[in-house]
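Below, each structure is written out as structure tokens.
Presented sequentially are two complexes of chain A, the first with chain B as partner and the second with chain C.
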Partner chain A sequence: MAIITKEKSPDRPAPLSETTPLGWLRINLFSSTFNTGLTLIMLFIVYLTISGVFAWGYLDATFVADKRRECYDNSLTGACWAGVIAWLDNIFYGRYPRDELWRVNLGGVLLVLWMAPLWMSRVKAKVLVGASVIIFYPFLAGYIFTGGDKSWFMQFMVSGAILAFIINMLNMLSGLIENTSFAKFLFKLSGQVEASDKTQRNLLYGVLFAAFIVIFAIQSSWTVTEVSWTKWGGLFLTLVISGIGIASSLPLGIVLALGRRSKLPVVRVLSTGFIEIFRSVPLITVLFMATTMFPLFMPEGFFLNKLVQGIISVVLFNACYMAEIVRAGLQAIPKGQFEGSHTIGLGYWGTMGLVIMPQALKHMIPNIVGNIIGLLKDTTLVSIIGLFDILGMLRSISKDIPWLGLHKEPLVFGAILFFIICFSMSKYSRHLESKLSAGNKR
Partner chain B sequence: MSDEIEQRVRPKEKFNFFQDQRVRSALYQILTAGTVGWLIYYLVSNTTKNLQSRGMSTGFDFMDVSAGFDIEFKLMEYTPGVGTYYDVFIIGALNTLLISFFAIILSTILGFFIGVLRLSNNWLVAKVSLTFVEIFRNIPLLIQIVFWYIGVFSLLPVVKKTIDISLGAERILLNNRGLYIAWPVPGETFWMTIAAFFIAITGALIYRRFAHKKQDQSGEQTNILLPSLAVIIILPLIVYFMTGMPLEWDVPVLEGFNFVGGATVAPAFLALLVSLSIYHSAQIAEAVRAGILSVNVGQGDAAKAIGLKSGKVMSLVIIPQAMPSIVPPLISNWMNIVKNSSLAIAIGYPDIVSLFMQTSLNQVGHAVEIVGLTMAFYMLVSLIISVLLNVYNKRVQLVER
Partner chain C sequence: MKLKSKLMTLTAAATILLSSGTVAFAETTLETVKARGHVRCQVGPPSPGYYNLDAAGNWYGLDVSICRSVAAAIFGDPTKLEIQSVSSQARFTALANGDSDLLSRTATWTMSRDTQLGIDFLQPNFYDGQGFTVRKDSGITSALQLKGAKVCVTSGTTTELNLTDFSRQNSLSISNVTFDDYNVRDDTYLNGGCDAVTGDKSSMAGNIASFPTPADHMILPETLSKEPLAPAVRHGDNQWADIVRWTVYALINAEELGVTQANVDDMLANSKNPNILRMLGAEGNLHEGLGLEKSWAYNIIKAEGNYGEIYEKYMGGGEQGIGIDRAGSLNALWTDGGLMYAPPMR
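After this line comes the complex of A and B, so read on.
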């Protein structure tokens, strides 16, 4: 009694979904009466918001004016961007001398160039590149930003930094062009490819040393005028504080996290106490502690300026959060990894540095980037202790006589600026996360 | 030959002092303790020396000295010149707890709402809530607070053009001096209404239990919500009218240049409340979304298969299973709300940091004591919240099989 049809049954039509714009609309926006209502209400809200913001921020806005009054003459309901535009230099550089702005820009360009090889797949020796940024860049940038006379130590470090930067650039070029590291390229150039390790090493060190001497001689005649830290401000100051905060809170956080997981009770108790104290209080109390108590802590005649106080509190505060992130990352590593590396005879630091940390850091990247974003946002708090970071600058526009009372527009501008920075960072971290975990997917 | 093997199997154990595990661990610990101890000693001795050379006193005696400044927003009696710094500390702490309490409630409700909307199958709704979350997560809280204060609540109409939110009843008024709310003043017999309210709640609870038992035994479902609500609303109302409406309203009235009477909420409080709630609701929404996504898809499918409506699928199957992964980040967000409420200092809301750590510290000095006390307050709050979290985690772990 089986029913057998010889003919092929007709193809069913493709389901409506997704194939046509109309189908997509019906499934995603108008699937039921309730959904239709919701969509319409949402559309109305979105329309109101966007049209309101657009009218305020662009259609009725004034972009060219000398005074706030002129903005009012132009339109009463629109934004007065002219004030923000007039203050752009202040917002970005603070009161840094206008003739010396190139130094701030140069510092930024150097950092970008220095870090760029980290993102290039053909460039070799990335660990060295990263290490050279952390060790040398702060000294070079510190000198470019502050200027003045160089002490012996500064001369030494600045020359080292310049050398490291040049080598880094050469390494990048040889990586991009020849697909080798700079050292290999050097050996090839001098025909020493087949030579023994020792000859090669001697050649490399010789070149480096000669270059160092030359650079040292050149830089000793190079000085830039001194700019006091009180003139620093705006986005520049925010980035300086958060840059130092990021660069030093991660290593400090790793140390604290290792201390908290240590088998030695004294180390464990001390690290745990330190972490928990700083994690349970707001950053603003730490900043106030720095401004009121640090002067008492210091020996007589020794004085920390406000910038250093702010930086120290940001670093200490964020190191504790970093420590908890690192600890969580370490906990995610299975015990077998520890045992395995003990079995092959690695000691504590070998286990941590060669086996555990490289794996754990991969797990931590999203959280670390999240913490960095938080640090960047938290840096605005230093305006409360009287540093003129970006928020301090934005708020002082309203006290400038031509722009008296201009509050909203600068804040909106700052909000947009922060949104762009933080949002792109979080997007990038998500991209990085999926790229790194690609190996774990099956 | 056999000697060689013997030697290889049992190498001679040499006691090397610095290679011994116990010696090394003791050495490291002594080294750490010594360094930290020396650092503390150094800082303390510097501090005492500095305090002496500046002629500053130490100790907590200043707490009993009367403070000379006025406080605009306070939850307890305080007169400048009479109230002590101890009172100032308590007022500040209460203000911090007050703003945190309301911000926690608002942001949790808003966060859950937006977190669920993020997963809506309506494309537009999902994208709009995503935009909301991304915008408010990526802008520094301090900018948001200042914006709400200066850009919104200070630009409200002046007293003469007060907005009446209660639509002409003049019970809730809003202007640039703050929010004025008519405040109930209970009469003598009002306690009976309250008692009736509690009796109604107890009755509803008993009814609910009864209904659940019935469902367990017979599978029959009874509607609980409607009868309970009816009882809870109607019973107190009946008592209220029978006792002759013993409740008067302290209505804000315009007197001279300002409103008098009722409860007043300062613009700074409103700005702080709104910005804290919105900022943290964005964070909580992400936690809620992650928690819901962490529940296996099969759970929702199975719940639909046994015929539950989509609302019931959420409330009976998905949310209960998502809770263990939602609650820890939720509670850490609550902790952050308490800590972030300290940003009130930027707009002049008198919380513990601005009252005690700034104003009082500027007046009396005693930096070490004041900083210590303020930090101790925050640590205590964090401790209490983390104890709550641990209790919850224990309970969840017990339920797990």
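After this line comes the complex of A and C, so read on.
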């Protein structure tokens, strides 16, 4: 008479309250009279809000109309999305000539394609890809957006950019297909895998040079019509300003942070002074200073356009915040790391570039992304210096005669757009964090 | 001796620098504009009737028309123009520091602005005045009945000060409800947050037209202030001021003489009226004093029409207009009892 059986008795199913939705509801929402009351009140509030928004934004809303009066004729209480729809080109591209909008789109597509390899684990030479984006893309995009005649320098840089883009795409393909870098793939194709380094290098440079000559010849006959910066606007302008702001404020911030921690008194005082002055004034003051006071100090005939003034202000202003974030990151690195890298014979730049920064930057990511999101939203302030960025355009709808007074719908639309952009940035930063901190997981 | 020669060199260098500075200053605005190839005309952030963006991204409005007229007078082409939209805090600085050639926006011509800011106001192209909007069913028919009322007003403008003055003067104890954005101000009024709205009568007419039921609201007859809205230029360049001033006069005179965008070619070829012929450049040499082409006034009217046409298009009942009645208002021609009066062109 054995009580102990050899077989394990089967698991009993989890109690109903753990598995069924009803049980979940009971535990989490209706566990006591008080909680039940709270739940019901909250449900009612949620219902009121959602049904109100839904009725305003969809059920009673007008999507097709030529002017606001037609929306009113349709419904006095619903939203009038027709105005926002009529203004979509203005909201996205500003006053950019309607026949040339493909150029803005092309610039955006090029950037996405150019950056795409950075996300692909099989692609090699990511540092080169990243560097080529920062060095060459601005010139190519700058030319595509502005147009007109190219100076010799521009011709040179545009050719370089096109070459870099093509190599980048080939590198991506060879990475995806052959799991190797473009250079290695080239050597394999030409049967030079076993050749000496020198032969390989000569072959690579030869190919690049020949391609550059061909591209230079082709691009010299390629021009697009000139579009003045005064016609830039909408989301496009917002992204241009914040894009340049993001790309240049981080490097500048690193320099400033290193300067502030420097042992050289002049460098330290200058960096500290710069950071403190720009941090102590509101961005709006910097913008006003740049656009209205700056021309007064400059010699007669010196003219810097408002867009450049706005961008410089945004960059300088944000570089200071970046500098403080970087400094905080640097301070989190234990002293042993500095001493360790000195012991193995690294100098200042070696220590910073190879040991300290890679660790520090990882810690800074949440703050940096927070700052970048802030920057994106701050750029809407340029609408007060007369640039029609996305907010400027959204606010202008209510002044256009057919849509006179239509101001809620554009702002709601703008809020949705901003949410999408900012939320995807913060999502990406979380992804980046978890990827970079893989070594820290316990 | 050595020191002296050094000083001499320094002085010479300074003189050269200074004189080259004067040469740069001596260039007139007209020369600068012609060399640049377009007029830089300053307006403000979009404001219904005066300067707006349409869905295709083009500027339109009464003040934009003045900009286009000046461009047409100088280049014969109204599109040789860069419209600058400048916030009202920076408007006079942007004109004084040379960013803009001309300010054509709803800037009220006041003595302090004209005499203290280094700018000159020219011929007004619109006479505005502050008034009140109320609901018709409130039974109020005069601003003097607004005793103890809550009045919505946008902050930081003369509008707010005028309201306070008016309330004190008539001991009405009006309480101001201030807003930054006039759309929010109007929404508050529509939702019953205040008994009346105050603002410039022209813009309020436009705003009422955008209310759900315009027929339920009305503008009270009282006018609180004088608001002559005039283009302005930098102080000191009289030729440039003349060009802008006479551009506006040409628009007004053309209306008085019956020259329109449609009949201007016919008038130039067939008119027997010497006033018209002189204005359009068929006779005389009125253009010489301005330093413009003989056909300057013709180009203006060909491009933009006369003042009456422009008014109808943007301030009146036109497709892009805000629907303010012109008859009997200050903006009618002097022959109809208004203030639009231009000196003769001869």
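Everything that follows uses one rule, which is that the second predicted complex is superposed on the first by the 422 of 442 C-alpha atoms of A that agree within 3 Å, B and C clash if a C-alpha of one lies under 4 Å from a C-alpha of the other, contacts with A are read in each partner's own complex, and residues count from 1 in each chain.
FYI, contacts are C-beta pairs under 8 Å (C-beta built on N, C-alpha and C of every residue); 3 or more make two chains touch, one makes a residue touch a chain.
Computed from a prediction, not measured in an experiment: that's the story for all the values here.
A.B. asks: Based on the superposition on chain A, does the combination of chain B and chain C result in a clash or a fit?
C.D. replies: After superposition on chain A, chain B vs chain C: clash.
A.B. asks: With both structures superposed, pick whichever of chain B and chain C touches the larger number of chain A residues.
C.D. replies: B
A.B. asks: Give one of first, second, both or neither to describe whether A:360 is in contact with chain B, with chain C, with both, or with none.
C.D. replies: The answer is neither, since A:360 touches no partner chain.
A.B. asks: Using the superposition on chain A described above, determine whether A:163 touches chain B (first), chain C (second), both, or neither.
C.D. replies: Neither partner.
A.B. asks: Thinking of the overlay built on chain A, is A:39 touched by chain B (first), by chain C (second), by both, or by neither?
C.D. replies: Touch status of A:39: first partner only.
A.B. asks: Where does A:72 make contact in the superposed view: on chain B (first), on chain C (second), on both, or on neither?
C.D. replies: Second partner only, chain C.
A.B. asks: For A:288, decide between first (touching chain B), second (touching chain C), both and neither.
C.D. replies: both
A.B. asks: Pick one for A:395: touches chain B only (first), chain C only (second), both, or neither.
C.D. replies: Touch partners of A:395: chain B and chain C.
A.B. asks: Based on the superposed arrangement, let me know which partner A:380 touches: chain B (first), chain C (second), both, or neither?
C.D. replies: First partner only.
A.B. asks: A:94 contacts which: chain B (first), chain C (second), both, neither?
C.D. replies: In the superposition, A:94 contacts chain C only.
A.B. asks: Mind working out whether A:235 is in touch with chain B, chain C, both or neither, as first, second, both or neither?
C.D. replies: So A:235 meets neither chain B nor chain C here.
A.B. asks: Running through the overlay: 4-12, 76-84, 256-264 or 382-390 are the candidate stretches of chain B; which one clashes with chain C?
C.D. replies: 256-264
A.B. asks: Both chain B and chain C touch chain A; at which residues?
C.D. replies: In chain A, residues 288, 292-293, 295-296, 300, 383-384, 395, 407 are touched by chain B and also by chain C.
A.B. asks: Provide the residue numbers of chain A that touch chain B in the complex, in ascending order.
C.D. replies: Against chain B, chain A makes touches at 28-29, 31, 35, 38-39, 42-43, 45-46, 263-267, 270, 277, 279-285, 288-289, 292-293, 295-300, 373, 377-378, 380-381, 383-384, 391, 395, 407-408, 411-412, 414-415, 418-419, 422-423, 426.
A.B. asks: Taking the touch rule as given, give the residues of chain A at its contact with chain C in the complex, in rising order.
C.D. replies: 68, 72, 76, 86-87, 89-90, 94-96, 98, 228, 230-231, 233, 288, 291-293, 295-296, 300-301, 383-386, 388, 392-393, 395-396, 398-402, 404-407
A.B. asks: Per the contact definition, I'd like the list of chain C residues that touch chain A in the complex.
C.D. replies: 21, 24-25, 45-49, 52-58, 82-87, 89-90, 93-94, 97-99, 181, 183-184, 186, 206-207, 209-213, 319-322
A.B. asks: Within the complex, which stretch of chain B touches chain A?
C.D. replies: Residues of chain B touching chain A: 25, 28-29, 32-33, 36, 43, 46-47, 49-51, 53, 121-125, 128, 134-135, 137-144, 146-147, 150-151, 335, 339-340, 342-343, 345-346, 353, 357-358, 361, 367-368, 371, 374-375, 378-379, 381-383.
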